[in-house]
Amino acid sequence: MGALLQILSYGVFSGALYGLVALGLSLVFGVMNYLNVAHGALIMLASYTVLWVCYYLHFDPFLSLILVIPTFFVIGWILFMGLFQRLLALPETEKLKNSLLISFGILLICSNAATMLWTADERAVATSYTGKVIDLLGVRLPYIGLATVFLAIIVVFAVHLFLTRTYFGKAIRAVSQDYEAASWMGINTSRACLVSFAIGVALAGFPGVVIALQTFNPMVSFDLTNKALIVLILAGVGSLRGVLFGGLLLGVVEAASVFLVGVAYREVVGLVLFVLVLMFRPQGIGGRKA
Amino acid sequence: MKSKLGIASFVLLMIFAPLLIKSEYLLNLLILICLYATLSHSWNILGGYCGQISLGHATFFGAGALTFRYLWLGGVSYYLALPAGALASLILAFAIGFPSFKMKGHYFSIGTLALAMIALITVQNLLPGVSFITEACLKEYSLLTIYYLAFGVGVATVAAVYALSRSKLGLALVSVREDEEAAEAIGINTFKYKVVAMSISTVIAGFAGGIFAFYCGTYYHYAPFELGWSFDPLLIAFIGGAGTVVGPVVGAVVFVLLKELFAASLGQVNVLIFGIVFIVTVLFLPKGLVGIAGIVRKKDRSART
Amino acid sequence: MLEVRDVDVTYGDIQALWGVSFSVRKGEMVALVGSNGAGKSTVLRTLSGVQKPRKGTITVEGTRSDTVDAHKVVELGVSLVPEGRRLFRDMTILENLELGGYIGRARKVKEEHLEWVFQMFPVLKQRISQLAGTLSGGEQQMLAIARALMSDPKLLLVDELSLGLAPIIVKNIYKTLREINKSRNVTILVVEQNVRLALEVADRAYVIENGRITMEGAGKELLASEAIKSAYLAIG
Amino acid sequence: MKQARCLRCLLLAAGIAIIAFGLVASPVMAAAPAAPAGIKVGAVVALTGRMAAGGKDVKAGYDLAAKDINDAGGVMVKAYGKRLPLDVMIVDDESDPVKTATRLDKLNSVDKVVAYLSGFSSDLNVVGMAAAEKNKVPWVGVTIAVEAPFNSGYKWVFAPFSMSHDQVKAFFDLLDSIPADQRPKKIGHLELNVDWGNECGKYVREMAKQRGYQIVVDQKYAPPTNDFASAILALKSAGADAVFSVPAPPQSLTIVKQMKELNYAPKVTCLIRGPDLSTYWENMGKDAAYIISDGNWDESMTYPGNKKLVDAYKAANPGIENIGIPVGAGYAAVQVLANAIERAGTLDRQKIRDAIAKTDMMTIRGPIKFRANGTAVIDYGLRQWQNGKNVLIWPPNATKIKVILAPPWDKR
């Protein structure tokens, strides 16, 4: 029983991370129907940035977010202006396909550039609280895992508040539902897309910190994008609260699968779940039918 | 008539090429060009013509390689093992490929990617070891044989795609690509055509996989299942021109030669350059490099009239 | 108030409007009528800024509106009630209204405007936090009008509001529009397929056929004309 | 028709380009001089891509060895009656096995090398070995840890490197050397499900039986695994006090982190891959302490010439604290090859191959002899992270430092 709870608790921690990983992707996909598969690469770059800030400025990794988030907001801004803006006018399917292809190119470039700049060596940020735990009735909960869960809840909640409580957030949602009607409201739609893309990229900073505290290398980009896609589908496209749910579901299912299929096929369980959902409930487990 | 002559002379030229160049290294490059052109065309039929962007072609490539390998190392002749690999690939398509059409549009893309990853992990788990070329098979191994096989399969593939592009079937595939709902509305059984495209595509991928397994003396069993074998044909098709007969061939030539030229002098930068070339192509050359020729010709024609 | 001069609009190779010119004076309620596909909605899309004319000019109170982005047109005081309502279905009534009053100057008077539209459409107030997608057709149309009014427009463009609604509801909505026109001095341009209805309420009307304005006159006058009767009113 | 014309033009252009490329390249091949200016040795090494870090180390080892040999006048080749310099040609394969094969073929057919040196990592080296066998070029390789290729009848491949058997044996020798009252008796084995991991697993089970250790946990895991909670809980509840595994580098971090989180501290933790990287301590902080890992070669080894190599490397790469294992291993491989060529007295590939097979010499990483299958009889070292330094603790004839048993986490 204790072992089961212990293992599931790790599932919750990685699930919260998966939720964070998918958040930016989901926002961008929901608002402008861009499938930004480069998101995993951006998270990987964020991890290196965290590493830098920690190494050179001796910041705590979580504190480094005050630099990392704005940096990635700017990166997102530049990427959108340079590459993605010109896709806005395309019809839906073209838009999706081209965004997928372009971001795929970015994924390749980023992971190879990172290998060039920092080698393929494994990296991690060591802190005084790495490995420290709270013992709760025999179940040991690592600080970093708990911090991940809190971070996920706070960030998802904050994004949710931003989208539902501010004028600009509502404008972004309006754009995601009806691009043209939004412009009739006086909303500068391309600007709303620009800002939400930049926010989506900035959100890569949060999982970036968690990954930096665990372990990473340039090739994690692909893995992270995969996880993000799985969560995106589990959550239901564009559902931000669903992202947290989908992430946790994936994390717990992966952890529990150890009992069912053994460690070797752990990753397969999540993927099979993903394919089944894609085939039978493409709107997501929680999503409504369009 | 003239064009037939041109193609015939090209084929003859390529048949005698190994005698002319007499370099194992260049023969290697030619084999790679044929291999990539074949694989890329396999992707092109499904992705370029039918509009179903598969990110899971490695699965079918791998299935072909795996089957070929087992038969060939088990003593079956390569010319029997090669079609057997293609058949295995087709069977796999029936098992997992067609159900994946339940997923539409981008769901199909990411769904096939997931399937490819499942296949990769499964093969890694079941066959963690290396597939060694045996001494007996090594005797049968000759670059020249492989070249003619690869070239033959490549020419057959291009010919098949050419025939397809001019057939009713090709038209139906394009209509599925352009607007699936509209195609359905005018009575095209889109599922049927997608299945046909997938079948042809996987058979060709299986052949390509067999050639890889023949060509690569020794490798890890999972090597042909690696995701690169899904991404490379897509990159090649888009750079050359997806949905065209010539595009993947041009793409493969550019892909292999550029990589060869850059790899020596530029190292890792060559992958960056490739990524940038790819993005630029997607953004500005929706028809790929072949599109440039098209634009030039169009301008040419309008200037004349 | 609104001056449309010699406007051509094309979609790709297809020309939809040919030298369209008309004007709406301050405080008027003007109807643009015509059959399906005559180009009515194209006129409104062009006026709202999402479609750019290939030729010609559009001015709102002396300011060119055809050269600015769609979202800037709203700031010139032009607001659209689009065909098919185009509500933000997954957002609440209140949020839809807030988005209607998105532009800077409208945000300052949000409360006052909310009170005004709720007074006009009390049913909206009762369902303030209900999702727009769950409303009935008539309620959705009311919400669409209310949303357009939230930006405090000088000119309200109304596209095909009768589509898919029961006649009695349409009549009531037109009555409300007329009131808005009179009491708040909002200039209104309605585009309508239901020619009789439109001509009955409007001060003046234009008839559009195959992308060209073919007739104009006072609403009552046109209603009486033989050409209109035979073409649109199916009498005789 | 139009398309057909386009097709024809492009195909023709492609064909001509390829042929032209061939014609340009062919004079290069024809220009092989009768009396060689140097001894051409080829290596295809991953200098870019995911294996690049290790590949650069291998290359550094080759380059330093060639420089030392050439500074001393080169290799004496009796057939020409003079010393010839060693010309090590290194080509990148982008960590892509297909390119490994093609570029080795190029080194063979265009450059006419007399022998191959290996690249980096088992994945790429197995491909290289088949190419060597096919082209009948002697292959001397390092950074290959699987024995299986050597048991498939290949005649041209030799690895002066220690493999799964040596690694497991060293682990048990190390355990045997611990005083009986402190010696771990219960072994936990986490088997990475790749060929190398499987081979190690086989030896772990065999040797544990022979030497009287009990295996209390024996679990397989796949290369992408990133959560070891269930395995560690199993180890903990079974009371395993020594752990052996050959994880991938990311896993070598995750396993130890989760051990700490789950408060499991076996006396001996031996993770053959991952902790040997110089970044391990940076990544883990003091949690890396007591972890035992690969010591195939170490800077502190006292064999002749090793200090010279270490000094030369440090002079060329100032600021580097830990030198990667492939540097030393690569250096030794060139030593073996040069020695064999000298004994062969000719540049004939067959004769060089036979000379390699008869190798019995001292290198910077100790004495080396080859078995009939091409694997080496060689000392295998283990290292342990002690006070922020990765120090050699095995074999006892190469180091004086002893293994330290890990205390529980709360006593660190």
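Letters A, B, C and D name the chains as they come in the text, with residue numbers starting at 1 for each one.
One rule holds for everything that comes next: contacts are C-beta pairs under 8 Å (C-beta built on N, C-alpha and C of every residue); 3 or more make two chains touch, one makes a residue touch a chain.
In this text, all values refer to a predicted model and were calculated from it rather than measured experimentally.
Counting steps between touching chains, the shortest path from chain A to chain C takes 1.
Both chain A and chain B are touched by D. Set against the Cα centre of chain C, the chain with the most distant centre is D.
Taking the mean of each chain's C-alpha atoms as its centre, the chain lying closest to the overall protein C-alpha centroid is A.
Rounded to whole angstrom, the centroid-to-centroid distance between chain C and chain D, based on C-alpha atoms, equals 76 Å. Distance from the chain B centre to the chain D centre is 34 Å, each centre being the mean of its Cα atoms. As a whole-number value, the distance joining the C-alpha centres of chain B and chain C reads 54 Å. Across the assembly, chain D contributes 48-49, 52, 193, 222, 224 as residues in contact with two or more other chains. Looking at chain A, one finds that residues 112, 115-116, 264-265, 267 touch two or more other chains. Multi-chain contact residues, meaning those touching two or more other chains, do not occur anywhere in chain C. Viewed as a network of touching protein chains, the structure does not reduce to a path, ring, star or complete graph. Chain pairs that touch, as defined above: A-B, A-C, A-D, B-D.
Put simply, chain B touches chain D in their complex at residues 2-3, 6-7, 9-10, 13-14, 17, 20-26, 28-30, 32-33, 121, 124-125, 128-130, 132-135, 138, 141, 143, 162, 165, 212, 215-220, 223, 228, 244-246, 249-250, 253, 257, 259, 263-264, 267-268, 270-271, 290, 293-294, 297.
Across the interface of their complex, chain D is touched by residues 3, 6-7, 10-11, 14, 112, 115-116, 119-127, 130-131, 133, 140, 142, 214-219, 223, 254-255, 258-259, 262-267 of chain A. By the touch criterion stated above, chain D contacts chain A in their complex at residues 48-53, 193, 219-222, 224-227, 229-231, 233, 237, 249-250, 252-254, 257-258, 260-263, 274, 277, 279, 282-285, 287, 409.
Residues 48-50, 69-72, 74-75, 79-80, 82, 86-91, 95, 98-100, 102-103, 107, 147-148, 151 of chain C are the ones touching chain A in the complex. Every residue of chain D that touches chain B in the complex is listed here, in rising order: 1-12, 14-15, 17-19, 21-23, 25-26, 29, 47-49, 52, 91-92, 94, 96-99, 101-102, 105-106, 108-110, 123, 126-127, 129-131, 133-134, 146, 148-149, 152-153, 193-195, 197-198, 222-224.
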